[in-house]
Amino acid sequence: MTLHAELDLTRGAFHLTATVDVPAGGVLAILGPNGSGKSTVLGCLAGLLDPDTARITLAGRILTDSTRGVRVPPHQRGVGLLAQDPLLFPHLSVLDNVAFGPRSRGARRAEAARVARHWLAEVGAAELAGRGPAQLSGGQAQRVAVARALAGEPGLLLLDEPLAALDVDAAPALRGLLRRVLRAEARTAVLVTHDPLDALTLADQVAVLSGGRVVEAGPTRAVLSAPRTAFTARIAGLNLVEGTATGTGLRTAAGEPITGMLAEDAVPGEPAVAVFAPGTVAVYPEGQAPVGSPRNTVPATVGTLEPHGSLVRLRATGAGWAAGIAADLTPAAVAELGLDPGSPVRLAIKATTVLIHPAP
Amino acid sequence: AGHGDRTVTVFAAASLTESFGEIVDEFEAEHPRTRVRLNLAGSSRLAQQIVAGAPADVFASASEATMRTVTEAGRVEGEPRVFATNELAIAVAPGNPHGITSFADLAGAGLTVVVCAPQVPCGAATERVERASGVTLRPASEEQDVKAVLTKVQAGEADAGVVYGTDVRAAGDQVSTVRFPEAGRAVNHYPIAVLTGTGQPEPARWFTEFVLGPAVRKQLNGAGFGAP
Amino acid sequence: MPWPLWIPAALGLALVVLPVAGLLLRADLARLPELLTTPAALHALRLSLLTAALSTVACLLLGVPLAVVLARARLRGVRLLRAVVLLPLVLPPVVGGLALLYLLGRNGFLGYLLEVTAGVRVPFTTAAVVIAQTFVAMPFLVVSLEGALRGAGDAYERVAATLGARPLTTFRRVTVPLLLPAIGSGAVLSFARALGEFGATITFAGSLQGVTRTLPLEVYTQAEVDTDSAVALALLLVAVAVLVIAIARPRAWEGAR
Amino acid sequence: MPWPLWIPAALGLALVVLPVAGLLLRADLARLPELLTTPAALHALRLSLLTAALSTVACLLLGVPLAVVLARARLRGVRLLRAVVLLPLVLPPVVGGLALLYLLGRNGFLGYLLEVTAGVRVPFTTAAVVIAQTFVAMPFLVVSLEGALRGAGDAYERVAATLGARPLTTFRRVTVPLLLPAIGSGAVLSFARALGEFGATITFAGSLQGVTRTLPLEVYTQAEVDTDSAVALALLLVAVAVLVIAIARPRAWEGAR
Amino acid sequence: MTLHAELDLTRGAFHLTATVDVPAGGVLAILGPNGSGKSTVLGCLAGLLDPDTARITLAGRILTDSTRGVRVPPHQRGVGLLAQDPLLFPHLSVLDNVAFGPRSRGARRAEAARVARHWLAEVGAAELAGRGPAQLSGGQAQRVAVARALAGEPGLLLLDEPLAALDVDAAPALRGLLRRVLRAEARTAVLVTHDPLDALTLADQVAVLSGGRVVEAGPTRAVLSAPRTAFTARIAGLNLVEGTATGTGLRTAAGEPITGMLAEDAVPGEPAVAVFAPGTVAVYPEGQAPVGSPRNTVPATVGTLEPHGSLVRLRATGAGWAAGIAADLTPAAVAELGLDPGSPVRLAIKATTVLIHPAP
């Protein structure tokens, strides 16, 4: 289900000009400030908005082609949308809300209810099945909306801030669920989010929108680890190290262990990434290798040193997984340690600041 | 209606409602295998329906003018015949509190008088009486039909109303009647006719004859109608 | 709720209640049972309930789709159609009946066609009563539904589409259920209008006891003879209507979510 | 919109349009100008527009508050009141007129009071026409608004309260504006019903040219002598009504947000 | 405007029994999982929900007293509510939405518009003034809703997840705005949030709800730094050090400097707090004082060592600001360093992981 979309739309003073590509089974995360056009892109893909000119193809099938006057109606697109507002049908029970998609696709009543129960259980809302939407809390409604979108089993799934309004236990649980669904079932999906962690853990492609234009796009890791715009830099700039999950963290392809905190759904033996912020990376002069609590220390060489806001961002080079790691330091620290490109250093990262997620 | 019964459909003017109700019962007693269906409405509406092809066998109208429209549309078999007449009378509150005794009294100041609109038969008759007697009424309302005039008098809203004698009688003790001689200048005729294009020419003719017969004549007289 | 609203609301209620209460006081209540159990009255009552129910169903079957089309279709002529639907509302019922007679009578275009092809004659039948009632009552349903549809917007219908529901499924499972309170009011309006229908019925269907003489026509007929019994019949009509509506109105129409 | 809806919608539309179209075809269009410019017709038209407009205003002033009270008040008797409001809907208009006459006539309770205290007599005046029209038309507004109110819920009214808005402010600045599409439909319904009012008017207000003889009454009167001219008048009524509604309906009533 | 509320309410299977206290000018943060009753509490306070039994007083005025049958209607309470759903009036422009509160309190049209413009500018939505609510993105609508709630200037302000749906630039900006409004103007407020940072930076009291009951309550710092329930522990457990903001961080009362990243609205010279997660605190044996990039090192003594999930939480004692600081370590690190209560250690915290916020 490869998605290719070229969109052009004007709404009042707002202009959207964007090209969106998602390979079959891929997940694209769209990031961007409020009002940058993220929901508008999803609306166009779902067929709810009519772009001025557009060409949208899904798995080779033309969904919209303004030059040829083609415009497949929303219900024939096989595109599911979880909108920003849950909009549960007020006249249906929670169960019937979730069963609506399967029923619409022709499932029998009992079968649809079974599917609905399954997805409700997956989002941790099984006990809400008999309630009416008016009897749910904000977070409960959001979970049910996610279940409803997933139960639709569309060829292309569009998710607009799916983890909004969720509590600190529900958000990671749902993130894990989404990852399982999107990755394991190789569903093609577009995900709008404000949280770079969602992008890192769920998406293999990222597009950053700003003022209706795509200002950055590419593989998640490349975009988020080397942001080219201030906005992306603020939300991202995380370090990623790929490898295989272990009981205590991750082992890189070269066999080096990294200790970290395993996400709930990280399974030892499966591909995984270690994620940590540049701000948590401590830098020591090569000679002074400290023996302290930080589990992860690795020798490296200073590659570049660049200003990053009020800080200095050090980009390391080196043999092992240190290559490419970014560390944020105060200018005082850089001065005091006498760091220069080429200086040998040792990086130290506490295991408690390293998150191990299954690879997207 | 049981097996073998024949039904004759009679379109009758609304003012005949009570009389025809009884007439039909008598007729059916005399002709046990014939049933009569009554369609009761204003004469002009009935005429409209007949012209538009209504399945009527007999038309008993409250005015010769409406019967004429049906005749002109070619739906009357033979000639319509008059079976009753009706004269105007003044309806007043019971006991005649305003002491009205003549048609001219109606023009007196301070009286609220209602009449029929000149477009309907009773209104036309009233106009003729006005012309004949030289009395000009200033009515508070020109009503649509006799019934509306009577309602106003019954409710006490009007002090007097000009209606047909038969109607005052039907209203019972809720109104009193004042007869006046000029009424004879505008007698209203009730024609009846068998209609063409019906499936029941025979019983239709029986019914018409029955209505024109002496038994019914007495019955109609009792209800306040005059002889043709 | 702001209390000053109670003043005009009470006035409005008084305008409705006082006259009816006055009528009740005037009615000869002792004679009521006798008046109301004559065969003519019972025939008329049965016929009225039957025809009003049938025409309410017809109004729903034709009117709900028409309202949806008028409220949602993005065609050019829709504004005009919206005005056209109002026609029977303003047409004096008698003229409406005349129009039906011109169309479906023996000399009418459709009436002729029906008689020749199917041997069916519509006027002066119970079917004619239902048609006349539907003609005058449907616009009430359509106009009140259209207002509700526009007020509600189409957000949920869009959600249904993204879940893969075909338009007819969406209509059946989303549009109609969400519209139920309005459909309820609309059905009440049509039922009431149909039950009270007089002018179009007497013109198009005539006044034949047991066949086309509904309760309002019986009231009219009785009025020629006896005003008291006419008023009693009218009160019967009112009582029946209010009962039917109060009892038959499903919970869902109440808009209790 | 699902296309199968077009079938019943088109049928519904045909039921409304065909009879009126038939009427138009039958009308002697050449004589129309002449028929329509008689003083009687012009008087009737002016009177009809005036009284229907006035009674629509009265319906709005009394009916909107009444609908809000019925939909929002949490009193015990409200269910009963809701049924009571339906009374004039089902009362045959002539009986409704009778009821008004019994109440406001010379011998009526209120009528007597008015005559004694203020020297005012209501029947046979233009005011009586407006009252009769309001009596029959208001329930249409109330019932259709009530349905819309229940469908809409009160979320925004709650928000207004948390912003410190007094109930009357909330009513004026939130309830009414949000209800505008429904109020629009309701006003159209009342206006149409008032414009077509016949039975209650003739019973309560009588029929005098220029004072109480509205267009429907003129149509009835004319129908007795000349069906053609009655039909022409009816068409005039219809044209005027549709024009007034199409032109006067403010944008906001369309529910375009 | 002291708030005291005792609430008791049953809604279906859900029972709420809570006592809520906020001193005049104080801000209470309510935390808790989805469906724990947070919004329900706000609804009761605002008068939109009718508790079964309740007693609510605001500044001595009785708002609800079920024993005496008192129930002040919502509009007379002087209580403003920002609900979870923005619910902007669809028939009013953005400006008129925000001006609605002032107008309702009797302000003239022009004055209300001025006030509305002010608040719109404050939330960064000035350019949206003329739009209709249907023409806003999700985040824009949320900002306008915040502006509308603030423009109402109620005696008691209730905020239900005010920063939901906001982007990474808008959220801190609005958080700063709320802090200014709530603190500078000493407004009494109750804030529902899923983000402990909101609680830390905006509230001086915290209540944690779970299943309709208050499971923890007290001063923010006390509750969040020493959580007694698993839920609170997961969302909080942050270290806080009080002091005065400086150009590069904060100076404690004892004069010790802490280097950190200053929040936008932290003003040197003003009271401030340094916030950092226990996971970012590295522990070194006393002898091996490392000289590396971490700016903040402090001698301390191991106070307690307690299991904390799969980790060990070390609680330090000591003379300076080290007292009470928590550090999360892997069991391996504890074993390797031979840590025991009483061991002298040195704590190291990278400046880039320390946030300096104005004191709430």
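Going in written order, the chains are labelled A, B, C, D and E, and every chain counts its residues from 1.
Rule of thumb we're sticking to: a residue touches a chain if its C-beta (ideal position, glycine included) is under 8 Å from a C-beta of that chain, and two chains touch if they have at least 3 such contacts.
Remember, predicted model here, so these are calculated numbers, not experimental data.
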Checklist entry - Can you tell me the least number of steps between chain D and chain E, where a step is a move to a chain it touches? => result 1
Checklist outcome for this item: Co-neighbours of chain C and chain D resolve to B
Checklist entry - By count of C-beta pairs in contact, what is the leading chain pair? => result C-D
Item to check | Centroid spacing, where centroids are CA-atom means, of chain B and chain D in whole angstrom | outcome: 34
Checklist entry - So, what's the distance in Å between the C-alpha centres of chain C and chain A? => result 57
Checklist outcome for this item: Whole-Å distance, C-alpha centre of chain A to that of chain D, is 59
Checklist entry - So which bits of chain D are touching at least two other chains? => result 98, 102, 166-167, 170, 178, 220, 223, 227, 257
Checklist entry - For chain B, what residues touch not just one other chain but two or more? => result 45, 48, 151
Checklist outcome for this item: chain E touches at least 2 other chains through residues none
Next on the checklist: Applying that definition of touch, give me each pair of chains that meets it.
Outcome noted: A-C, A-E, B-C, B-D, C-D, D-E
Item to check | In the complex, chain A residues that touch chain E | outcome: 11-12, 32-36, 38-40, 84-85, 131, 135-140, 143, 160-161, 164-171, 194, 231, 234-235, 248, 259, 261, 277-285, 288, 290-295, 310-311, 327-330, 332-333, 337, 348, 350-353
Next on the checklist: Residue numbers of chain E touching chain D in their complex, please.
Outcome noted: 46-48, 73-75, 78-81, 83, 87, 89-92, 100-101, 103-105, 132, 134, 148-149, 152, 154
Checklist entry - Within the complex, which stretch of chain B touches chain C? => result 9, 11, 14-15, 17-18, 21, 37-41, 45, 48-49, 52-55, 147, 151, 154, 170-172, 174
Checklist outcome for this item: Residue positions on chain D within touch of chain B in the complex are 98, 101-102, 105-107, 123-124, 202-203, 205-209, 212-213, 217, 220-225, 227
Checklist outcome for this item: Within their complex, chain C touches chain A through residues 155-156, 158-167, 169-170, 173-174, 177-178, 180, 257
